[in-house]
Amino acid sequence: MNAGWAEALPWTIVLPMVGAVLTPAVAARRPRLAGTWAWGVLLVASALASGLVYQLATTGPFSYDVGGWAQPYGIELRFDHFSAWVLPLLLLFVVIVPFSWRYLDHVMPDERRPAFYALLLLNAGGMIGFCVTGDFFNLFVFTEVVSLSSYALVAVGGRGLAAFAALKYLFIGAVSSLLMLFATAQLFALTGSLNMADVAGRLADVGGGPAVMVAFAAYAVSFMVKTAMFPVHVWLPDAHAIAPSPVSAVLSGMVVKIGIIGMLRVYQVFFAADVLELGAFNQTLVWFGAISIVMGAFFAIFQDDIKLMLAYSTISNIGYIVLGLGLASPYAVIGASVHVFNHALIKATLFLAAGAIIHQTGLRTLSDLRGIARRMPQTSAAMAVGAVSIVGLPPTAGFVCKWYIALGAFESGQAPFGFALVFGALFIFIYYVRMLNAFYFQEPVHDVVIEANEAPWSMRAPVIVLATLCLVLGVLGGIPLSFVEPAVLELLPFWGN
Amino acid sequence: MDVVDARPILAPFVSFLCAGLVFAVGRSIFWRRFFTFLAAFIKMGLVLSMLPGTLRGVVYVYDFVEFTPGIGIAFRADAYGMFFALVSSTLWLFTTIYAIGYMQGDRDRVRFFGFFALCVSTTVGVAFAENLLTFFLFYETLTICTYPLVVHAETPEALRAGRIYLTYTLIGGGFALVGAVMVNAVAGTLTLSQPGILSGDLGTPTLAIIFTCLTIGFGVKAGIMPLHGWLPIAMVAPTPVSALLHAVAVVKVGAFGVTRVIYNVFGVELLGVLGFTVPLAFLAAFTIVASSTIALTQDHLKRRLAYSTISQLSYIVLGAALLTPLAATAAIIHVANQAFAKITMFFVVGAIARTTGKKHVSEIDGIAARMPISMAAFTIAALSFVGVPLTAGFITKWYLALGALEADAWWFVLVLIVSALLNAGYFFPIVHRAYFRPAKEPWPTLEEGRRFETAKTLLFPIVICAAYVLLLGVTAEVPGMPFSIAQVAVESFFAGGGVVP
Amino acid sequence: MKPWSLLLVLLVALPLVVGVVNLPPHDAPDAPIHTGVGVRYLARGVEETGNKNLVTAVLLNYRGFDTFFEVVVIFTALAAVLALPRGSAADPGGAPAAAAKAANGSDIVPVSPVVSYVVRLMAPFMAMFALAMLFRGHVTPGGGFQAAAVFAAIFIALGLVLGPTRVAELVPDDWRPWLQGAAPLAFALIAAIGWRLTGAFLGFPTDDHTAQEAMGLFLEVGIALGGGVILARLFVEMET
Amino acid sequence: MLLFGLDLDYVLVVVLFCVGLYMLVSKSNLLKKLLGLNVMETAVFAFIVTSGMIEGGDPPILVAGTAAPYASPIPQAMVLTGIVVAVSVTAVALALIVQIHAHFGTIEVDELKELP
């Protein structure tokens, strides 16, 4: 039935989960062992994921029937080109976890570490499951694993305000999950099936109608909340800014993307069924995306706190992706899909670099951190690379995506959005220039900064690796593209415009 | 004839690697210099080794990576690119020598030399870009890499200059990006290897938007008025930066971009029909006269040179906008002529500032007595700008005038004459003051007697560059010298049969 | 603020109502829900899974993968609560406040002797009920989750009477990591066994009802044990 | 049950959902907000279970004495999963609220916002 690496598919999901469950047992005597353990688990999971991607590259998309139940009676796991995202996702985790080893020293007492790493592993496992599942209800369950661990991860680092931010995130996130569950139930009532491919087939028989439209809208709103697009972004800045930096990197880089991946999954089903006229919907996405870009940039300018600014710039970048999806032309969607990964990489770089600086100095505002580049040149350089990359200037990873999304805008005849994209990005650079000026070209004002030292290697190495990747992928941008392109082209014949 | 060869990519890569090594060796002065010079020589050797082939009409190409079919990073050393690369790699060598002398004891030299090498790397990358994507890639990288050099002094003034510089160039870059993306969207290709890739079927409005976007995008760096605002302000950078970047590399990249747009994106044929270049030509003519006039009123030496640069760059733009072979030849040759003359002037001005601390025209009375060689070099450069025969400048003006007549635009000849007069008007007073006015106070003598008029590392590049100005003027039409290379380039641009408007 | 809330609610209500009233009528035997995948479960569920309670069949066999991650979700909740900082800013030690209270000798909320007595009296009966639900779950309403809830209820009720610390001591420290992870671990184990036996992850040998029942029972016990411990521990941790 | 041509059961579920949503957005007390969330969850579960009903159906337990038609087993399994998820979310939320209370001494959003 299944051959080759496909056998590893369920295990890739289960491994981090079981690793998480075992963390308290493994680290019962020595809590600090938890970090190493989590890293090892993620390494093995990445190895499995590489096998999956290898299989994808050689034989194309494949699926796995859990429990051996034929479709649509059991749960189907499907590894297609969009699922290939699990590999970079895991690799980013592999880089982020070592960073957290030392970082956690001033965040939490040792005895809470096992629980922290368990949450991190659950988060990773949930996202893998989310990306590969081919079943709507299963999608919901994985969403909950990811969301629940994310809520908690926001609050692990601090008291009071952190808990409040996490609770705000929880309320909004729970409502969005409920909408998702509602939409799933709606689809089930309409079709009597939960398997995505099967639902698509049955939906085609059902035809369109308000109920289908509402189900789609519920999914869309739910995913837009998860991805923090402009009008529903309110939960994001506080939560991402207040979380410990490695967590911010995970949340901002990856967790918000499940909204986008989910959207692509839902698209796959509804397009294949060809029951909805999505022109108006796409247009809405385009507008909200454009507004997100500008608003995110606008708010970022007024922040003095580095992490808050980074959080706002996430909103901006999510705007890119949503804009690209809404444009619904091949290049735009390719650009958007690639940006899902590239933004994760860039944001991880920025958050980790900011985290290293915060860890070494205890300061987090620009006005305090003046002149830090003298004392922490490598971290600051990584921060600079990330800043240039997030604005989408060449020769960095961010540029490739911007190019493709803008190309898509012109291709689909919506030139004004191309302009909005390009100049909206420059808008945010205002802030980053201020940051770079403060880091590099101003005299230190704070004693701590004058005496600061470069972060320990376990923190510096991840930052440098990520920054290098930002540069390398600016030149080798074709690699992620080659994975996304077939999927997008497969999707597009159905794409409404 | 296209030949696959790695040299077009190695040339930018050498300086890139050099930058990396400079950052890596940190404070070791010896290794820093060693790597910089090594890279400069290797790079010059690489570019020179391609020259014979270029003269035979060989074009070296190298596809680096492809994102999706038709879009990727690729390099192509055609005659025009070779010409530009030759100029910038030669000048990198001399400017490096100069910078070592000039930056003696200055702060953050690692950063300075590192980013300096990066800038040169991107300049050559622009020269050898096979398509607009690659071009833009290097064009924007140049913007970023120049920023640390502009704000090098870290004074509030420098930071302000850096801010203005970034605002102008990044917004310009945005326009260039939009233009390039639109070209990709409508033409399906971005290559710069053809004499024009757009077709007239697309409709004038679309083409007009593309042309405007690209011209604004590249015109910002070329300093076409009214987009020149950043250039005089950016003169707060250290003199070697002003010399190489703001007189040569950065601004030339802009002018180079405009010419690429005219010749390779639109093509003379299409533009001849569309007539978009007519307003551009007028704008360039206006810039030539207006900025020269402003230069007259500047007392700060570097600012006067800056406005002169703005004016001179528009020669290139004007030459390209006239759309005739002779004017194109003039434009291409001027890339070299202006570079050597202007860099000589900046070197001299920097040497004066370094030796005597004087930075204004009104302060240099009688300096020729103190620094005779430098001032002689300055005079040669000034003569070149005015267009006196036997200097490089004369060649430019001669062909430009011929080109203007070829295009039936006789009044541009008038512009040239006025410009020559204005050039004389703002350069000769400097020469006059230096030679014929008595010094207001005795010049400070050197504490170390063994140095002649200033440090050798400052003087040597000055002399060489001034010699080049004369050499280019005298031997312009010898094979291997600018004219012959320009001819090869012009032939490829007009291969489609240029239409004289 | 209130009018805005009302507006938002109406804004949400409208599309939802439009959505639900356009669904096929739910009671009708020909509704898609009764003609979809459920048909097979009803027709062949008992034969394929050995569970007469088809909800259990769906939960453990057909959609066991969902249930696997369902128990992971509840484990996540525990990890979340354990990872949060304890105490107030004034007491940043992070040590469970219960321990501190126990040191002072009183974390017992005073309750009436009647309640105390009734709880202690009822506890064994509740446990029996839980066990019945657990072991008869495949033929009657009930199952691991329900049993877990009742087990947890016993713990919590006893905790209110005896004090959480004393109840928490019922589970030795060394066992805790294994007990609270019992459910996901049981699933992982069964998944691996199924993989060995049938070649499919979490597969059940459809022709061997004894093995099927044994595996199902193992899962139910795991869920009941793990779920109960987690729910009880959530309560204990929340107290602090 | 049909009323004025509307499927009343479903409509009531939406009403319940909206009651919960209103509690969530309009109440200042965090616990009440959480209760609102729970009401919403209940509404969705009710919706799912309702959708699996069948006219005159028996529970899907195939033992002697019951006969077709049976209610669909899938919605019940889904709800069971949903309940566990809801419990987990509630637990985490409660833990957070406990923490907020320990730190700020209040769980009223109005008061929390006024704190420095």
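Here are a few things to note about the model shown:
Note that the chains take the letters A, B, C and D in the order they are written out, and that residue 1 is the start of every chain.
Note that in this section contacts are C-beta pairs under 8 Å (C-beta built on N, C-alpha and C of every residue); 3 or more make two chains touch, one makes a residue touch a chain.
A quick note: this is a predicted structure, and the numbers were derived from the prediction, not measured.
Two chain pairs are in question, C-D and A-D; the one with more C-beta pairs in contact is C-D.
The distance from the centre of chain C to the centre of chain D, with each centre set as the mean of the Cα atoms, comes to 16 Å. Centre-to-centre, using mean CA coordinates, chain B is 73 Å away from chain C. In this assembly, the C-alpha centroid of chain B lies 70 Å from the C-alpha centroid of chain D. Between the CA-based centres of chain A and chain D the separation comes to 28 Å, rounded to the whole angstrom. For chain C, the set of residues that touch two or more other chains comprises 16, 20, 23, 26, 31, 33-34, 37-38, 41, 63, 66, 70, 73, 76-77, 80-81, 84-85, 88-89.
Annotation for chain B: no residues touch 2 or more other chains. Contact with two or more other chains is made by residues 17, 21, 47, 51, 74-75, 81, 85, 88-89, 92, 96, 99, 102-103 of chain D. Every pair of chains in contact is given here: A-B, A-C, A-D, C-D. On chain C, the positions that touch chain D within their shared complex are 1-2, 5-6, 8-10, 12-13, 16-17, 20-21, 23, 25-29, 31, 33-34, 37-38, 41-42, 45-46, 52-55, 57-59, 63, 66-67, 70-71, 73-74, 76-78, 80-81, 84-85, 87-89, 139-141, 143, 145, 227, 231, 234, 237-238.
Here chain A touches chain C in the complex through residues 1-2, 10-11, 14, 17-18, 20-22, 24-25, 28, 64-69, 72-75, 108-109, 111-112, 114-116, 118-119, 122, 125-126, 129, 135, 137-138, 141-142, 144-145, 148-149, 151-153, 155-156, 158-160, 163, 182, 186, 188-195, 198, 202, 206, 209-211, 213-215, 217-218, going by the rule given at the top.
Residues 17, 21, 24, 30, 33, 37, 40-41, 44, 47-48, 51, 74-75, 78, 81-82, 85, 88-89, 92-93, 96-97, 99-100, 102-104, 112 of chain D touch chain A in their complex. Chain contact summary for the complex, chain B toward chain A: residues 64-68, 72-73, 133, 136-138, 140-141, 143-144, 148, 151, 154, 158-159, 162-163, 166, 170-171, 173-174, 177-178, 181-182, 184-186, 209. On chain D, the positions that touch chain C within their shared complex are 2, 6-7, 9-11, 13-15, 17-18, 21-22, 25-26, 47, 50-55, 59-63, 68-70, 72-77, 80-81, 83-85, 87-89, 91-92, 94-96, 98-99, 102-103.
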